[in-house]
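Notes follow the structure.
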Amino acid sequence: MEKYIEFQNITKVFPGQKALDNVSFSVREGEIHALLGENGAGKSTLLNILHGMFPATEGKVFIEGKEVKFKSALDAIDFGIAKVHQEINVIPELTVAQNMMLGGEPRKGVLLDKKKMEQETQALLDKLGCDFRADEKVGGLSAGKKQMIQIAKALYMNAKVISFDEPTSSLSNAEVKTLFGIIRDLKKQGITILYISHKMDEIFEICDRASILRDGCYITTLDLKETTEEVLVQNMVGRDVSMFAQRLKPSCADKNTTVLKVEHLSGPAGFDDISFELHKGEILGFFGLVGAMRTEVMRAIFGADPTYGGEVYYKGEALPHNRTPHTVVEKGIGLVSENRKEEGFVKNFDNADNIALASLKKYMKGFFVNRKMKEENSVKVGETVGLTPNDPEFLTMSLSGGNAQKVILAKWLSTDADILIMDEPTKGIDIGAKAEIYKLMEDIVASGKSIIMVSSEMTEVVGMSDRMLIMREGKLVGELEREEFEEERIITYAVGGSQS
Amino acid sequence: GCGSKEAAPAETTTTETTEATDDAAAKEEAPAAEETAATTEVVKYNDIKDELGGIPAAAKDMKFNIGFCGKAFENEFWRMEKEGSEAAAKALQELGLDVTVTAQAASGESDVQGQETVMKAMSNGDYDAIMVAPISDSNLTAAIEAAQEKGIPMSYCNDKDANVDLPSVVADHKDTAELAAKWIAEKIGEEGQVAVVQGLPTAEAARLRTDCFVDYMTANYPNIEVVAQQNADWDRTKAKDVATTILKANPDVKAIYANNDTMAMGVLEAVKELNLLGKVLVVGTDGTTEALESIKAGELSATINDFPYYQSQVVVEMLVRTLAGQEVPKYIYSPHAVVDADNCNQSNEEILGWTGFTLAE
Amino acid sequence: MKKLLKNNFREVSVIIAIAIMFVIFGALNSVYLQPTNIIDILDQATIYGLMGLGIMLPIITGGIDISVGSVLAMSGCIVAKLAVAGVNPILCMIVGLLVGFAAGGVNGLLISKMKLQPFIATMGTQSAFRGLAYIITEGYPVLGVPDSYRGILNLKLVGDIRISVLVFLIWAVIIYVLLKKTRLGTYIYAVGGNVEAARLSGVRVELVTTLAYAIGMLGTALAGLVQIAKLGTGDPTTGNGWEMNAIAAAAIGGTSMAGGRGNPWGTVLGAILFSGLKVGLVVMNVNTYWQYVATGLVIIVAAYVEIFQSMIASKKKKKA
Amino acid sequence: MKKLLKNNFREVSVIIAIAIMFVIFGALNSVYLQPTNIIDILDQATIYGLMGLGIMLPIITGGIDISVGSVLAMSGCIVAKLAVAGVNPILCMIVGLLVGFAAGGVNGLLISKMKLQPFIATMGTQSAFRGLAYIITEGYPVLGVPDSYRGILNLKLVGDIRISVLVFLIWAVIIYVLLKKTRLGTYIYAVGGNVEAARLSGVRVELVTTLAYAIGMLGTALAGLVQIAKLGTGDPTTGNGWEMNAIAAAAIGGTSMAGGRGNPWGTVLGAILFSGLKVGLVVMNVNTYWQYVATGLVIIVAAYVEIFQSMIASKKKKKA
């Protein structure tokens, strides 16, 4: 069917913000249709309207030629369309199986069929190559794993249409590969798929066509077989941008000055005997599969989690074992955390307050915090990370996913931290802004500061790092200098194939 | 010790029973000494009734608009106070006087600020006199002082504020407790174990009734032991639970005294359930309908009836007399009596010897 | 076994706290450990326990229900009135439960449909239901509930154990099954754990919330039925401030005030801890004033046992 | 202006509710609008208002402090004892504030350091502090606070407006400045809004939490000072259950029970709404039982005004 899903003149106005402006296009039955655009372009908003999360201000949606007006997520699910949401939304106190089946639990009479729940969940988890169990509590799982649960949940619904809103932003290559296998399977079964991503290689790998939004307006729909990345990006951004993660300036790493030294660090999450050094002016990449425990190591260094043993030296000075994020931040280390919604920003705070939170001392006038200085800083730093809308009074909670991420980057850029630990820093950020952020990282190291970049995006670690450490199952398994970066070799370390 | 403000005036009337507590009472009274120093003695209503004679004839040409700031009319005791005050107004009207009583109260006995609101509103309104029953020792201090500044004559009804000295018609909690103690002691042959179920210590009545009961027992009946003294917050359910535990832990308890009738009924349930009815005496306080019915039915042993219905009538009477220019005693104990199986079928008027009001010629 | 321990930290800690309490009171006064005394403790845990189970459901959804004390009084008085009027006892009970369910439903609707803050909404109905209880009874206790009614719930089963204790435990089982074995239960946890995630998964959040308040209030209505049987009187002033005791039973039992977490057995144990404590203090004839201090300290210590225990457990893990 | 309206929905709604109340009660009984009556309303809002401001800080951090009523009594009794003993009034007040600060600090430490649930921890200290108040006074009120003390806080400023009303408003200003203009204030909101995000941003969560409880309790201690002046008596039984009124003032004023949100002016207005309502019902001489019903309905309606108003506002925007 040519017009399986049709958007007709969709407009969506939020208080103080027009997110979509008269958008019309259609999706074919059984295709994988990409939705592209910069952060804040309106992609998530459009899918949210399709899935009944909120109504459009104006316009209509047709599926199979019939107008649909879903009043809630439940309506959409009942109709047979499922969605993987952009933000991780799980219930920490429930088990994996309960989270996955939520809303569609199998029953025996009035009681839940627990056995069936766990079996079916486990089967799906196995199919997705997940190594956690169906009866585990979700609360303790990493962001990547939670993302896999969300994907599994959508697959479980047996829907006719599945939307993926940046499904791979917490995943590494191995999981992405499995996921793509599954998406192709779904396509074979005739299921229609909508796919949002900022990763161009993914788009070209699995999508058939792509519709592009810019500033809430529909631009065009392109057949991906007949187009190039440059054209796509041109349409998205309206100008030329460098789309590659690459160093534009020479490395500034000073191998002789160690700013951070970690020795034999081990912690309750399961990582063990981690030792490494970070040099002045260096971008140190950390690569590994989901579950490699890079996040946990960083949190332990930062004092966010307790450790069992090991030392951390900051510029030669040992940090106390019972350090807290406060003491570490005071020393001059910052951590851009992976999970922006749960750990990144305060929900009732606007951009100015969130951006100022880690550097509040800077905006003091005598005894009092000066709101104006906060706002000025917010606008200035917001600019450098490409925040839209760059409005200090905008609630961070209401920003698009990518823009919320930019707020968190802005928060740490506002501090004068000498060492920035960035855990998946470009998660959900569009290519235009990514290039800006890469440039920014180079500026930071050029000013004599250092960066640890934890990333699951191969191109990013390879492109940006001066040196790379690879983790697997809580252990450091490899160290590569920039000249040794080879995809094959990195993957081998990460998955633990034959060691060379 | 038992005492507080009640004890000081009591010295002069009931000397023979207060010896045990005088010292303690005197110490506690120290800060308020100036206030009580000038006081005359407390008299019993029944003792002065005849002396006072009829209500002065001058009252005929006057208008009496009396406000009654009560505690909480959810509580039957206070409803009886309210109804009594209204009945007094009616009785006086029948005598040809122009008397109206408007009663208002807080919402609930913990609503101390609500009562202050009521008192303030009354002192802002055009009342000729106000009768007031403060919830706590001091929640109305400011409001009463405000009314005093306006020069409104006032009288306490059943409860007093600890800071402001006003004419009062109160139940003698000490005497109440002692009546209960005496009654119990006699019934159990002046020996054995007894227990007390106390009200929320928030209320002076709870503290005085409990402490005076215990003090009186120790002072007068060396063979009676108060083995338990436990709080049940004026609550029926809690009283039943506490009594059950007490009775099981002390199987020899012969009588339980409860600080009010609601708790007494809870205690009674515990006694009935343990098949101890008749073996363990239960004595309450207040004289609620429920308690009186229960005594008639042969279940509750006794209650010390404070006759709230008549207490408020006495207050109204005294205010009317005062407004009409008559000199009346400042501190009056309202009548109370033990009601038990012997006299429960008599009417309240009979028990009290209540004769109503008369007008002087 | 280990898993059982790990998943039920809170219950285990409360059991430990109860055990410590029994040892101490038992050592001080042997009466405390006598079977009849222990039966009393259970008996006296019934009402707060039922109310605790009742208030637990709203708390798990992330809310609170302050009005339980008033509903206890209101539904109790209605039941007492009917029973005194000679209505069939079973019918009285059914009406009492329906009143509770409806009152809880009103709270639920105010919160889910009208989007009021749970605290404010139920504070409003607390006052309103209390007023209704007074209006129904004109402020007088409803006396003389017949033995035909009282006998049903006071029936002694084995030895001195009353049927009301059984009702309490059965209700705990029902709530347990509801929470852990049915869809509604999962949804109640889901709404409290992350309301957004629940909504996105197609959970009818408003319906679930309303049902949680309504079913929760059934527990309170049951407590009302038991109370009427216990006292033979419907008292419109009863239950004032008891929401605190109910919340305390639930909270000591591991229900998180932030929502998303709570277990009926924890609440049952919490209620038993409290009634055991009160009975112990009475048996010892501890001075009222010191009882306050002792109660406060016990609450804090009992709550800390869990924290302490989980600390030890995580240290053990380290060595392993 | 528009922005002011947008950012202060809750305060505006409470003002609307207060205005409606004044119009209705004023129309029904002209006494209500007389200056003396209005001064009384303010006067009576003082204590709940101070306590509401006090309890607001813990609530903003995502916690609760149930022990305020007990601390009111405890610190009040200590102050009264000292004043009666002839200690300099100002010194008495300072001691009272210190006692409050320390009591709040204990709560804060139990919650932040010992990781107890706020509800349980403060429920424990509620009982313990109450017991201490009784023990200090042996259960009897502390009578005869000298006029040298009372005069200070009862001083009439303009007309009949007492200095204590001014203390209330000044404390609101201080809390406002603290919350909106200082680092600590920002951190208090941050801890309540997302404790993990705050911690990872280098906020000393434990310190901030402890200070929020301690400073909050200063408000309660102030209420205690005012009460002693007002009544001339230190009453160990006072404040029982008042945490509910304090919470209500804060909640009606827009403090979210979930933490992260709350404004001192909202609380001030909430306290005024409550005392205005009380006074109104009394002035109208509404039947006690119906007063309960009316109070409940007003609470619900007042809370709904905001929801309704924000609905209208968002509709207007749609059209614009």
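Note that the chains are named A, B, C and D in the order they appear, and that numbering of residues resets to 1 at the start of each chain.
Throughout what follows, contacts are C-beta pairs under 8 Å (C-beta built on N, C-alpha and C of every residue); 3 or more make two chains touch, one makes a residue touch a chain.
From a predicted model like this one, the values you see are computed outputs, not experimental measurements.
Chemist: Top contact pair of chains, counted by C-beta pairs?
Modeler: Highest contact count belongs to chains C-D.
Chemist: So the centre of each chain is just the mean of its C-alpha atoms; given that, what is the distance between chain A and chain B in Å?
Modeler: 73
Chemist: Centroid of chain A to centroid of chain C, CA atoms only: how many Å?
Modeler: 43
Chemist: If you average the CA atoms of chain C and of chain D, how many Å lie between those two points?
Modeler: 29
Chemist: Tell me, which residues of chain B touch at least two other chains?
Modeler: Touching at least two other chains: 73-74, 110, 201.
Chemist: Where in chain C do residues touch at least two different other chains?
Modeler: Residues 134, 139, 288-289, 291.
Chemist: Which chain A residues reach two or more other chains?
Modeler: Residues of chain A touching two or more partner chains: there are none.
Chemist: Output every touching chain pair, sorted by label.
Modeler: Every pair of chains meeting the touch criterion: A-C, A-D, B-C, B-D, C-D.
Chemist: For the complex, give me every residue of chain B touching chain C.
Modeler: Interface residues on the chain B side: 73-76, 79, 108, 110, 198, 201, 227-231, 235-237, 240-242, 244-246, 248-249, 262, 265-266, 269, 273, 289-290, 293.
Chemist: Considering the complex alone, what residue numbers of chain D touch chain B?
Modeler: Residues 31, 34, 36-37, 40, 44, 47-48, 84, 134, 139-144, 154, 230-233, 235, 237-238, 240-241, 275, 278-279, 282-283, 285, 288-289, 291-292, 295.
Chemist: Residues of chain A touching chain C in their complex?
Modeler: Interface residues on chain A, with respect to chain C: 53, 72-74, 76-78, 83, 85, 89-94, 98-99, 102-105, 107, 110-112, 114, 153, 268, 308.
Chemist: For the complex, give me every residue of chain C touching chain D.
Modeler: Against chain D, chain C makes touches at 62, 64, 66, 110, 114-121, 123-132, 134-135, 139, 241, 244, 247-248, 251-252, 256-258, 288-300, 303-304, 307.
Chemist: Please give the residue numbers of chain D that touch chain A in the complex, ascending.
Modeler: Listed in rising order, the residues of chain D that touch chain A are 177, 181-183, 185-187, 189-190, 193-194, 196-204, 260-261, 314, 317-318.
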